[in-house]
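Okay, so chain A shows up in both of these, paired with chain B first and chain C after.
What follows is the complex of A and B.
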């Protein structure tokens, strides 16, 4: 069948399912170490397994309280209602990465529901994305086809390290209408989860997996509206893949509709995978009974009751979230939006920055300008330069927040010049000593002593007679060469402002 | 009397449970499962509108553990329980892309 009329417009309709591996120390239902915790990222295959994970007869699950708390933190950050009562259900299916033959999940009573995240867009508008629910479950093991050393194995190799990792599944309403908003949402969610400390959020390790449900609303020139069948794209673990899959599906679904005219309806939903190399989605064959999971309440686990006191304690542990921090940096400190984004990329850098700002405001209460701006400039210039050179993060360079404040105080009092300040930053990355002590030892403090300055100024005038004549004749630009000469002779230690004063005294 | 359970339904349930049943077994289970369903149908006649759904037979909640790590099981013991192993992995026949979860 071909389309009855020409297409007037198309509009994407996207909902997201996001799986977040929670970085608890131990697993969801047993105390063996969790591969999503940084201490165990690179554990050898099957070394994070115990009788509960392997589903040996008689092994029983015990719930990890921290996993519940982390999930509630995410729920609260997404403005969800936290269920006072939730329970555990078994989702039954057979697969080699699932030793028990069922996954423990939450079917009808999820921990969190009915939330929203409102994203600011670059153009000043906002996009509200409804959160349907967040429920907690356990991750499965992993199947591979490669032996250690890269040799191909003609079968499936099971690694159960990931089996039993707490997995938070977040489901949004189909509120998203384009790939850019979807990627912004995904990035903001990752950022929130990292600031909450519930995951390291390393995409390549699969800490967060995105599954968009995509279809297209087609309006034809004769005023009819058609909704194409929903496609779920499984297991995307990069933002590029999320964008690629959505853009590809928009074109593919419109073309398919032109071809077959199929619209959304019972049984029309299909599942596709993303081929990263070719940049296309590929239909995944599914058995017709794949979704017949026969959920039922897990008799091995008792329900979870979250009372007001527990919820309030968890709420109190939530730090200021990245979106709020960015807004604060821009409105209160006068940072550019781009710098605010850079400083909130990593929660550890952001905390370092905030601590340094507080220390700076305390050390130099009469600072000219916001402390936040001074610290940002220092970190994003002297800091970023060294971070690039040494391939480390700015907050890991070795300089402490107090030292940042001390350096800014010295600079503000004009006790160190700008070049010396940068050099001092480098020294402070190597030592815990106070900035002034290091500046003194390294000879970085500006010299304002009259005798010394007079001697350098005399020598500079003698060395640059033409510049001296020009400056005396009123050419202000000539001062640069004279000051430069003084700086050369003083190895950058002369106070430039004082030198300039002396030149005027002497030559005009 | 509820509809008797169809043979197809029994075959479907057997497939989900990875059970291969012969004709005799199919007939036997069909009768047994039908009587279970019949019992459920009887229970459904009760008016339970005023009864709270029961999530668990025990009147207990929040049995949780602290998030502390305890040692894993011995890798050799784990692998010894597997039908086949390869380089520290559990080896199984090749799985097609019909991801269950």
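What follows is the complex of A and C.
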């Protein structure tokens, strides 16, 4: 069936399910190390396995409270209500990556619910995205068909390293209406989780997986509204894939509706996967065939009771979140929004920056302009340049926040020139010594000594007679060549202002 | 009685080793001989740990010789039900699906016994995954009752009950989900305890009904059972349902009867469902208690008649999920598959070959009651009834210290007699509510009755509030000494 009326407008309706692997030290229900913790990212297959992970007979789960604390941090950051009482349920199904034959999850009493995240848009408007719930569950293992080293194996291989990693599932309301907002939301959520320290957020490792539920509201010229069947796209682990899947689905669903006129209804939901190379979604399961998971309360575990004191302790451990930091950098320090985004990309860089700003303000209280701006300029110029060259993060170059403050103090007092400042930054990446000591040793302090300056100026005038004549004749532009000559001879150490003064004295 | 000469108390056994009157090795050797002598007849042991037990015995003897305090169970031989994992030997749960399975760890309860000086001598047969009341549903053959080998020992911990009753060892561990320690204890004429839920760690007990399961001891006397439980009980960080409740010294006041002593006798417990001789024997004990100064209180527990129905919803529901891990993927039996077979075939065939009919029946039952559309009508309702039964028992315990009745409505029955599952399920009529309510219970030998020309033992059942084991043992001690 195709509709007789023409399409007047279409509007996307998107809800997200996000799985976050929490970086607890040990797994969710046993002491064995967690593969989502940085110390164990590259553990060899099936080395993070114990009787609980392998579901051996007689093994029992015991809750890792840290997983609860991390989940509550995320819940609070998303303005959720934290349940004082929640419990564990078993989701029963058979699959080789699920050792117990059930997954421990939270069915009807999630740990966090009813929150929201309000995103600023580039155009100054905001987008509020409702958070339905956040519940905690355990991750499954992985199935593969390759031996270590990439050799094909004729059969299935199970790696249980990931089995039992705490997995926080965040479910949003279907409040999103385009791919850009959805990606901004996804990025902001990743950023929040990274700042909370609950995950490294490395997308390629699957630390965060996004599953958008997408459909399109079609308005026809005759005033009718049609909602296309909801599609859940599974396991997207890049922002590009999130955007690609949404844009693709908009077109596909509208085209499908033109073709068959099918609208959303019971059982109409389907599941699709994303083919990254072809840039298309691929049907995985036709109907969400109400798979019967036979949820029931897990009798091996006691309910989770979160009292006020515990919740307050957790709340107190939450650092300033990236969105707030960015706003502060722009309004208080005068940073450009783009620079604010760069500095809040990695929580460690951001903490480095904040520490350096505090140190700078302390070292140079009468700084011309905000310390935040001076530090940002230094890190995003001298720092970013070296970070690019050495393929390291700015905060990992070796220079410390105190050294940054010392360097800025020297520059502010005009004791080092801009070229020398950049060079000094480089030296400070190699040593823990104070900036002044390094500048002295490396001869980077500006020279204002009259005798030395006179000698360089004399030599410059002799070397550039034409420029000297021009300058004497009143051509200001000629000064540049003479100052440059002095700088060359002084290896950048001459105080440019003093040189200019001497030229005027001498030639005018 | 057809059993061997009365076994010395565990205290005496341990004491003899401490004093050096005999060696642990000698005790263990003679114990192993008794096990071997009767095992063809009883089939109580699936596996005997000769070498491991003798090695442990000589280690203990060395320590004793050095003057070490080796614990309150110094050199006491103990048999362990086959659904409790031990590093030594195999753990098969009476099932083909776990044939030859070796556990890399030992159950907390067994570890604690061993740390107290006990010597594990082997694994005892049981109904498959503890599902049964006769120890006939065992992949390694049925266990027989030492009082009459043509009869069952009860179940599911029948091997452990028969081992103690048959004089093969002085103590054994079983597990009790709906009566699986107490009912075989009654049918074999020994003491059997179902501790309060959370009293003993379940780490290492292969789960059947996780909210009901408890490990419990078998012994020849109340004092021995109390000694064993005292060693095993207490919190365990590996089991979050194991309660952080202090463990009193069960032996300190064992010989002091509670005073006053109020015994509740539910009118539902001595009715038509029982073998009349069983009712008569228990009624006689009640009269003796009254004469001894106890206050006998007539109580009404109308909801307990729903105990079996409630139990047979909750236990299979949990079991259907607990047994999902036996899938042929990581360990246990894996069926042979050929070209064209898929994952489903591997699962279906492994489980079809590995599980016996009773286990399959309960997995199907449990899957059914948890299924969409039936969940509220069965599982949720059963949980409500469970709460009501708990409340009813709490109400009763406001007026009495213990609830008394027969452990089993009938004495040991001939093998094959209760082939109909529903008849079999009725064996748990008095015991299942203990597990449903999470309270504690004990079966104490109450004497014998004559059935078909055979003297068969009858068990007296006491139930006490959760974590009131100390009182329960003291009352059981009174009952044990009634004429």
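FYI, the second predicted complex is superposed on the first by the 502 of 508 C-alpha atoms of A that agree within 3 Å, B and C clash if a C-alpha of one lies under 4 Å from a C-alpha of the other, contacts with A are read in each partner's own complex, and residues count from 1 in each chain.
In the analysis below, contacts are C-beta pairs under 8 Å (C-beta built on N, C-alpha and C of every residue); 3 or more make two chains touch, one makes a residue touch a chain.
Computed from a predicted structure; not experimentally measured.
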item	value
Touching partner for A:55 - first (chain B), second (chain C), both, neither	second
Chain B or chain C, by number of chain A residues touched	B
Touched partner set for A:103, first chain B, second chain C, both or neither	first
Contacts of A:213 with chain B and chain C, given as first, second, both or neither	neither
Touching partner for A:296 - first (chain B), second (chain C), both, neither	second
Partner chain in contact with A:281 - chain B first, chain C second, else both or neither	neither
Touched partner set for A:32, first chain B, second chain C, both or neither	first
Contacts of A:63 with chain B and chain C, given as first, second, both or neither	both
Chain B versus chain C as contact partner of A:140, first or second or both or neither	first
Touched partner set for A:44, first chain B, second chain C, both or neither	first
Residues of chain A contacting chain B in one complex and chain C in the other	51, 54, 56, 62-63, 92, 94, 96, 158, 290, 292, 294, 299, 301-302
Complex contact set, residues of chain A against chain B	24-26, 31-33, 44-51, 54, 56, 62-68, 85, 87, 91-96, 98, 103, 109, 140, 143-145, 147-148, 153-160, 234, 273, 284-287, 289-290, 292, 294, 297, 299, 301-305
Interface residues, chain A side, partner chain C - complex	51, 54-63, 90, 92, 94, 96, 99-102, 158, 290, 292, 294, 296, 299-302
Residues of chain B defined as touching chain A within the complex	12, 15-16, 18, 55-58, 60-73, 75, 78-79, 81, 86-101
Chain C to chain A touching residues, read off their complex	84-85, 91, 93, 98, 101, 103-105, 107, 202-207, 209-211, 237-241, 317-318, 320-321, 323-325, 327, 329-331, 343, 347, 367, 370-372, 375, 379
